[in-house]
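The two complexes that follow have chain A in common; it is paired with chain B in the first and with chain C in the second.
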Partner chain A sequence: MSYYFAIIGTQDNPLFEYEFGTAKQGGDGVARFPEQARHMNQFIVHSSLDIVEEAQWAQGQMYFKCIDRFYNNYVSCFMTGGNVKFLLLHAPSQPAIANTSRASTSIAANPTSPQTEEAIKQFFTEVYENWVKTIMSPFYHVNMEVKSPVFRSRVAAAGKKYL
Partner chain B sequence: MASSQPVKPPLAGQPAQAQRGSQAGLKYPSSGKTIYNRPLNRSRTQELSQASFAYLFGEMVSYAQKRVTGIQDLEKRLNVQGHPIGLKLLDLLLYREPTRSQTRPLNIIALLQFITTALWRHLFSRPADALEKSSNPETPDEYMISDNEPLVNQYISVPKEMNQLNCAAFVAGIVEGVCDGAGFPARVTAHSVGKGEEGELWPGKTVFLVKFQPEVVEREAYLGKS
Partner chain C sequence: MSAAKAARQGEEIWKTKIDKVNAELVTLTYGTIVAQLCKDYESDYVEVNKQLDKMGYNIGLRLIEDYLAKSGTMRRCANFKETAEMIAKVGFKIFLNISPTISNWTTDSKQFSLIFDENPLADFVELPDDGRAQEELWFSNIFCGVLRGALEMVQMQVEAHFTSDVLRGQESTEMRVTLIRYIDDEMPVDDE
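Entry: the complex of A and B
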């Protein structure tokens, strides 16, 4: 499973990007997006912002679960109180349909199973904690790009831990 | 003796620092602790000395007073100083809510209740004294939060010729920041309502007038129907 994680500001501007692969089931943590499809990730994530805007007033929960799908790419969303969107694109290495015969519980194979949802929720919650720490810095202004290498390594650690 | 100890054991901090040195232009605290190493909940029940706050706030007011054209301009500057604090507190206070009630405010009432309870408790250790909707049918977009004795004004004496000034404009800025951050753009202003009479119960009573933008009221009506 390959992941593309992006933080989107209040004016649909990207603040942070990170690409990683699964570290579970012997994964090496490297994203394996096909080279000709890799540049599509940003477009897919961007296009799901419309759905986020619709969903954000329907329920007050921060975690929206999987909100959008484009072929084999699934987009999950988490929205902070300050209208900042965390978007995670996850692409299983083989299409999900191949696994319907035997109910595999691995999060890599089932992009919409409750286990995957829970794992992504834990990932988002951990990123949210670090995000609040980032914005509490008196030098951080709204919609400012996050360049901190410490923040990046914290996101990487959360990805490794849960996904 | 020197040859018997060819390699000194490296100090604990050294390898990390060598690695960090490769990122030019970034300075790290010498203890190796960044803001990411500090827990967010440690200081939630701690209080700040009011004397030091009053001193700092007095400086903030006199800083804002430099090169202003009038009282409105001064209040605007105090408002701008408070605005980013509101944006930050919104997420911090939501983060500290228990998990099941950790929800973003979706309507005006939920947002104002969050402000008068969670935000006021965090800032002043007590909830706000009243929350009212404007009774004027022409202004359904106005809400009023009353505070009988604003903490920020405790050591502020406003000169007679500036009696329009209310330094709680700073708090109004914080409230405005919370509203803007949550997606409810609003203008918030502070007004003194104490009449300055002898023997008045709350001479410093302040009303924060929250005026939401028309699109917020429009969305509220639309969401209420569906």
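Entry: the complex of A and C
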């Protein structure tokens, strides 16, 4: 399973992006997007913004679960109170699908299973907590790109912990 | 006054006589001041440090009165060591609810360090990554001015500066305080 995580500001401007792979089940935490598809991630994530904006007023939740799909790429969304969007693109690695001998409950194989939704929710919640701390810094301005290495390492830690 | 007694006294005053405000109000207000100074002086951090020190000095000149009123100790400290204890265990305690650790005394007892394990002014803060702020800006420099101003009003001329700061990625936040001299009461010139 490979992940691409992006934070989108209120002007639909990217604030932060981070690519990682699963650390569960012996994963090494390295993203394995096919080379010819990797640069598409940004487009896929941004193209789901329309759906996010449609969904955002429909429910009182911050976590929208999996809201969009593009072939084998699933996009989950979390929206902060300040209208900043956390978007997580997750792409199951191909071999996991071929494994039909038994219904696997692992996060890697089922991008829309309740377990996966829950894991992603925990990931988003942890990132959200760190996000709030980061934007409380007096040197941060609204819609400014987040360059903080501390925040990056905390996102990485959350990804490792839950995904 | 012994260190333990000073700590008790600080605790007592903090509990009974002090009006509390939300810590984030303090943190965010101070953070905004520093950020605004950085903007006003176009990231001339040396100048920002100076301004913070000056602001602190003006606070200190008045804050000492408040400190004396609240602590009710109308008695001179016997020596500079006691002064240090009172600053750390009572002064910082009643105004910020922190007690920095005193260490690294020089043998002549004129110089010590305050180690800040926690610093309410610097919560959430990350210094700008323009390559200079990490080297030049002392974010909490207002403390130096406060000590300088307050001690000047009780006849002590001191020099205070930060030597390290966790915000810069260093291990601890340390301020060095040096006693320059006790100011004698001087007669004005030409006073009959």
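Quick notes on this one:
Throughout what follows, the second predicted complex is superposed on the first by the 156 of 163 C-alpha atoms of A that agree within 3 Å, B and C clash if a C-alpha of one lies under 4 Å from a C-alpha of the other, contacts with A are read in each partner's own complex, and residues count from 1 in each chain.
Rule of thumb we're sticking to: contacts are C-beta pairs under 8 Å (C-beta built on N, C-alpha and C of every residue); 3 or more make two chains touch, one makes a residue touch a chain.
Just so it is clear, the structure is predicted and the values come from calculations on it, not from any experiment.
Aligning the two structures on chain A places chain B and chain C in a clash.
Of the two partner chains, chain B is the only one that A:Asn130 touches; chain C does not reach it. When the shared chain is aligned, chain B comes close enough to touch A:Asn83, but chain C does not.
Legend: residue contacts after superposition of the two complexes on their common chain; A:Met62 is shown touching chain B, with no touch to chain C. Applying the stated contact rule after C-alpha superposition, one finds that A:His39 touches neither chain B nor chain C.
In the superposed model, A:Phe139 makes contact with chain C only, not with chain B.
By the document's definition of touching, both partners, chain B and chain C, reach A:Val150. In the superposition on chain A, chain A positions 133-134, 136-137, 148, 150 are in contact with chain B in one complex as well as with chain C in the other. The part of chain B that touches chain A in the complex is made up of residues 23, 26, 34-36, 38, 40, 84, 87-88, 90-92, 94-95, 102-106, 110, 181-183, 219, 223.
Interface residues of chain C facing chain A in the complex, by the touch rule stated above, are 24, 27-28, 31-32, 34-35, 38, 123-129.
Contacts from chain A toward chain C in the complex involve residues 133-134, 136-140, 147-148, 150. Chain A meets chain B in the complex at residues 56-57, 59-62, 79-83, 128-137, 141-142, 148-151, 154.
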